[in-house]
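So that you can tell them apart, the chains are marked A, B, C and D in the order they are listed, and the count of residues begins at 1 in each.
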Amino acid sequence: MNINSLRNNFDKLDPHGLGERLRSVRARTEALCAPLEKEDHCIQGMLDVSPPKWHLAHTTWFFETFVLLPFGQNYQVFHHAYGYLFNSYYETVGTFFPRSQRGLLSRPTVAEVYNYRCHVNAALDQILENYTGQNWQEIAERIRLGIEHEIQHQELLLMDAKYNFFINPLKPAYHSQSPIRCPEPPPLAWMEYEGGIVEIGHDDDQGFSFDNERPRHKTFLRDFRLGTRLITNAEYLSFIADKSYQRAELWLSDGWRTVNEQGWQAPLYWIKEENNWLLSGLAGQHLIDLNEPVAHLSYYEADAFARWSGKRLPTESEWEYVAAKLPIEGNFLDSGRFHPDGARCSGLTQLYGDLWEWTQSPYQPYPGFRSLPGALGEYNGKFMCNQMVLRGGSCATAKDHIRASYRNFFPPGSRWVFSGLRLAEDL
Amino acid sequence: MNINSLRNNFDKLDPHGLGERLRSVRARTEALCAPLEKEDHCIQGMLDVSPPKWHLAHTTWFFETFVLLPFGQNYQVFHHAYGYLFNSYYETVGTFFPRSQRGLLSRPTVAEVYNYRCHVNAALDQILENYTGQNWQEIAERIRLGIEHEIQHQELLLMDAKYNFFINPLKPAYHSQSPIRCPEPPPLAWMEYEGGIVEIGHDDDQGFSFDNERPRHKTFLRDFRLGTRLITNAEYLSFIADKSYQRAELWLSDGWRTVNEQGWQAPLYWIKEENNWLLSGLAGQHLIDLNEPVAHLSYYEADAFARWSGKRLPTESEWEYVAAKLPIEGNFLDSGRFHPDGARCSGLTQLYGDLWEWTQSPYQPYPGFRSLPGALGEYNGKFMCNQMVLRGGSCATAKDHIRASYRNFFPPGSRWVFSGLRLAEDL
Amino acid sequence: MNINSLRNNFDKLDPHGLGERLRSVRARTEALCAPLEKEDHCIQGMLDVSPPKWHLAHTTWFFETFVLLPFGQNYQVFHHAYGYLFNSYYETVGTFFPRSQRGLLSRPTVAEVYNYRCHVNAALDQILENYTGQNWQEIAERIRLGIEHEIQHQELLLMDAKYNFFINPLKPAYHSQSPIRCPEPPPLAWMEYEGGIVEIGHDDDQGFSFDNERPRHKTFLRDFRLGTRLITNAEYLSFIADKSYQRAELWLSDGWRTVNEQGWQAPLYWIKEENNWLLSGLAGQHLIDLNEPVAHLSYYEADAFARWSGKRLPTESEWEYVAAKLPIEGNFLDSGRFHPDGARCSGLTQLYGDLWEWTQSPYQPYPGFRSLPGALGEYNGKFMCNQMVLRGGSCATAKDHIRASYRNFFPPGSRWVFSGLRLAEDL
Amino acid sequence: MNINSLRNNFDKLDPHGLGERLRSVRARTEALCAPLEKEDHCIQGMLDVSPPKWHLAHTTWFFETFVLLPFGQNYQVFHHAYGYLFNSYYETVGTFFPRSQRGLLSRPTVAEVYNYRCHVNAALDQILENYTGQNWQEIAERIRLGIEHEIQHQELLLMDAKYNFFINPLKPAYHSQSPIRCPEPPPLAWMEYEGGIVEIGHDDDQGFSFDNERPRHKTFLRDFRLGTRLITNAEYLSFIADKSYQRAELWLSDGWRTVNEQGWQAPLYWIKEENNWLLSGLAGQHLIDLNEPVAHLSYYEADAFARWSGKRLPTESEWEYVAAKLPIEGNFLDSGRFHPDGARCSGLTQLYGDLWEWTQSPYQPYPGFRSLPGALGEYNGKFMCNQMVLRGGSCATAKDHIRASYRNFFPPGSRWVFSGLRLAEDL
């Protein structure tokens, strides 16, 4: 198994630098779990959610399976059953415990999972310190992939903790950092872009990327406009006030069915109390801030809002074409707030961080796409159906994890993602 | 309600010609039902299927609702409850009877549905004969849409009858026209096409189209090759023999789940009997013909076959770019056989007729898409999510109904469609 | 296979008399289907319902399987697949078509089913005319069982037709015999009975019975009172008006769950229209008659009404102890009205006919119960769990089919039965 | 709210004795949880199971709701939301958190639940120490009910822990007390009993009982025989070896459906490994002991075994009539082994302890039954439908909790109960 196609600027990545990044990312996962009680580590509040304990173990399993087992010298597997328990969906690695039952396992305990992490960390340290062999390039690329993988699970951890706390009638808070009240954002304005043939996708010479961002390729854009900022709670309230959740003509057929089956009346985490809307977040419940961007929408809701506005969602090509020229700055995981912030400048803003932006693009392979060889080929490619692309990262995404070419993807009915919405239109 | 966007070469369409086409299409629907017993008209073999009786009534309701009620002079509704019973999914027209329960209605009887057809036919005749008013353009366009709509339901009628008979242990046949045994097809060869910016979509000056085919627009193609013919049963048997239905790595994640949940081992209508594969068709069961194109595949199976072949499915742009240069010739509904035929020439063939071809393109709005105004806007646009595009028509599609730009669409797990598969690859 | 335990006064039953009864019962089944259109014969409005066509065929299959195949001389099976299609639930006879899919079969057509009936009728005639052999006793007993079985399906036919028409928005009527308006019934009074050891169950010397009525056995009754008549719609309306469908404390736990899951607010076939309650019946919809007995209740509703009344339902022993002394008179299938009538005399009345009466007795084997040998043992015995006993027959039960010892049984949530309610209480 | 009907020999029960029993039972609940990790406290392995943490809290809520809130002087509710979270099913007390979601709550933590227990224990101590008022009788009866209620939940705790560990691929053990290997039991023999009118049910003068055991009443028994001991694993293996799980004729209809839907091939906790049967228990997995009584059967399996044996299950009247004459001795919770033991003497044995014995009696009200007044009336009465009675207690039942008249009840498909089987037959 050789993941050549991952190969990019890793030759520049020395074992020392890689090891430092590895340790700091691994430590951050544990720091993110620090506010959780042992009991909190076991809960799977709905099918999409995994217990925090499972994230701690699965990210460890990833290194064990893809780095230590093929390349570790005399590596001893920590526990023979963990391969079954903590494989997420890699069919070619072996069978795995049903996803829907992850919340039914009290064992291993949290303490045992931490032992597992220590065991694997130590073995990774050993590889990083001692290895000088011919496989170094391959090993480094896989460790780098494991690091990015673990960062993805850091965001999932926060998404899942937020959901698990939300459904608990005791309304526990993950932390006490109340969201900052936002000033009134500048009016929504429009940036114009000329179309033509453009290139999108990741350039192999530009450092790490996932396979689904490659190859860089030409595409044709029409002239378009992009909204300067994310849609706010205030704007979304107008949509609700216009009875949009009761008007079939604004919705895709599957969306309308979902709205009715699920009884949706507002985004996830909105709670109507008498005449007020409360928002349930990681810091508990608070009155909705009208100036914040609207969050935790499904694609269906984003699409309906766009239709109601007489606009549309951007394509992922349009989004990337614009974003690629901008520096990666914004409100990320690194701030420790894990809550979207309001737009604070009148130009084009919020493309990175705050909230993932739904695009109107189904998640499909780029022309010429090749998935990674072997089991790692299951990482992204097999999900390229029935999902929609989101772009730009969120307040739960690490800053050094995101790129202009980064493609996130979720089924159109998903709402526990830190997702938001930006409008576009044809010129 | 004005459906300007439908407007194309209708001015050339005189009432007389339109009336003739209307009557012949309406008569063909009834002819297609002639082999059915009254009992056969009532059955809904699965959720996707509608009883033949329902098709007879719904196509009539379409004219009543969109032509006679807004434009008929003194038109008397045939039955006050039929609007509820035979509206398919037009939310803005009113509520409708649950689709899943269409097979629970013994009334109206078949005879009453035919009375309904007569009543509406007579009123349409009257409009066509007498009308000279200012709305003629609008009326003609709506009648034309109703005609194309009814042709679509003719294909559905055959799909549904085929399915309803298939699940019956008595194995009834719709007709006695056994499929013609096919000669061995020419070897699969590859046509090469140079990429660049091309235009696809329907040109408004070129006659009727559905809204989802418009507007004509530029897109960028890479160089590609297209297989000369459809994949055959013989080729698909190799895929099965290679244990592909048991190998997760060949499948999309949703496809693999579906294969296992549904216990798929072969395409729909394939029946293993001892060491033989039988095919269940409208003429009953017969030994599979290895030279025929493989039919009644889901998108998941078409995609897995392509992956197994080291190829891919074409995009809808590639398909249309190639097909647009070809005459519309092939094995259509008009032959009365309703069964795909084998490839009989060595060049590029079978693009039209025989079987709809799955493309790798999700069903999405074209850039600049506008759905029809009013309730007719629900015809196509609201389904642009979670479905895949098929192209080219089938042996159950009328010849004068299909075009290069025609976009059919179904969820990726659908198999009762007359669907097949053609391969493509990058140069 | 010898069904000795069926043996009772059959020696007195000559072939001639048996044949006459057979022919008249078989003819009545067909007469009951006469008002139905062909389309009506195919519908399965819910899982409990079977299409009328299925009843016509299944009752025929019963004679073919249990009489003609074991005892017919040179009997030729009508169709090799009918054994699979029309076996209801006799596991030891062979596999059978899934009950839930009976409404998915358009074939055999109604005409073919009638041919099947003719074929079997002719073969039965032949046996009855010519047979003088040693098996006569066994044959006669099985024919007698087949006759009673077909009468049971006559009631099911009416239950099912009523339901199928009810769910059709066109509100078709089975016949035009509107229910007779009832005079105000006499006030509910109480008959007192002294307890002690009594005998219930069928006495083998007293003619035909099903195995579940045997053996006659002793049981102990406490002193009790029995209500003189069935509970009326007026009385049940008081229960509804007292918000009983919203008060958990009146209901069994399973009943309360069912009320909420199903959204029950009234018995089946009650339709609230503005301020009126309509009843949907075989003669279409009409204003509810307050003087009629309340019909189409589940056990849960009957039990809740009794609790609300401060009374209870009778046990089956109590019911039988009282009924055994009464002549079998009442409003039966024979009248052709198929609708319950109001109480018309002030003494104990309505025990037979009008409506089956829910008892508080779970359907269990009597002490010493032996089911029939062989496949016929599946007739009754295997259902002795999770069902409740009803007594006395209904307006859709044939008069010569019912007895004091007759035990009908349905799951406690069933409502499409012609079921009603009589109260009892301890002294 | 006055629960007179609970009143029996409580006048003899002084506050001091009651307090001692309360404290020792409350302490035993906590001792039973001592081997569990915090993580184990949160798991709901299937719908019937509740997390151990929930049992700890719910038993506490019972005292808070039925003793402290109505009778505590200045009692301060521990947490306003616990009434909602820890009410099990008392509709008349208020709404409650959905049972199916008990495993989705990480909060309150285990530590918080223990604080809740302390808070309520202290308030109960205060009542027991200081109260001399007129309500003492009522209070004492409610405390006594709370004690028996908590003992019931001790058994549920063990049932639930056993199940939660069973489904965990790591196969954790609750404790290390392996079951004692049993000597070969004496051959199954039969005790004969003469029938007639007998009395069963609890006598009000004989101390505590639940409402469902009352009133003591006459019933009529036929002559019968009762098996001397429980059926063993060896005997049940013969049943399995006779392909009984594949033979429909041995099963009730609902049982046969369940066998096939659930894929049952053996009792719960039996695991086939190559040619051996392992048993999964609270001490982990071990080879099955042929001499042990067969455990964790559904009613359907017990009934099928009896039919296969040519016998039947006893009625609850028969069982009680026999058991009432025996001293309450056996293998109970008190031993700390929580595993059934083999029969060790040749006479009538094992009626109490080891395993609950399925009877053929549906759970129904006794003649003259009155449930407790108010919300406590929901304790037992509302479940008297669709459940079967079990008798005699198990190795997870406290010795001082069981009586001859004690009626346990579960739906016929339940298998996580410590249930077994004893045969009976008619003379």
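Everything below uses one rule, namely that contacts are C-beta pairs under 8 Å (C-beta built on N, C-alpha and C of every residue); 3 or more make two chains touch, one makes a residue touch a chain.
None of the values given here were measured: they were computed from a predicted structure.
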Contact-graph separation of chain B and chain D, given in steps at minimum: 2
From chain C, the most remote chain by mean C-alpha position: A
Between chain C and chain D, centroid-to-centroid distance (C-alpha), Å: 38
Between chain A and chain D, centroid-to-centroid distance (C-alpha), Å: 47
Centroid distance [mean C-alpha coordinates] between chain C and chain A, Å: 60
Two or more partner chains touched - positions in chain A: none
Touching chain combinations (by label order): A-B, A-D, B-C, C-D
Residue ranges of chain D in contact with chain A within the complex: 37-45, 53, 81, 84-85, 97, 101, 103-110, 164, 167-170, 172
Touch list for chain B against partner chain A, complex: 89, 91-92, 197, 217-220, 222, 248-249, 251-256, 299-300, 303, 360-362, 364-365, 367-368, 377-378, 382-386, 412, 426
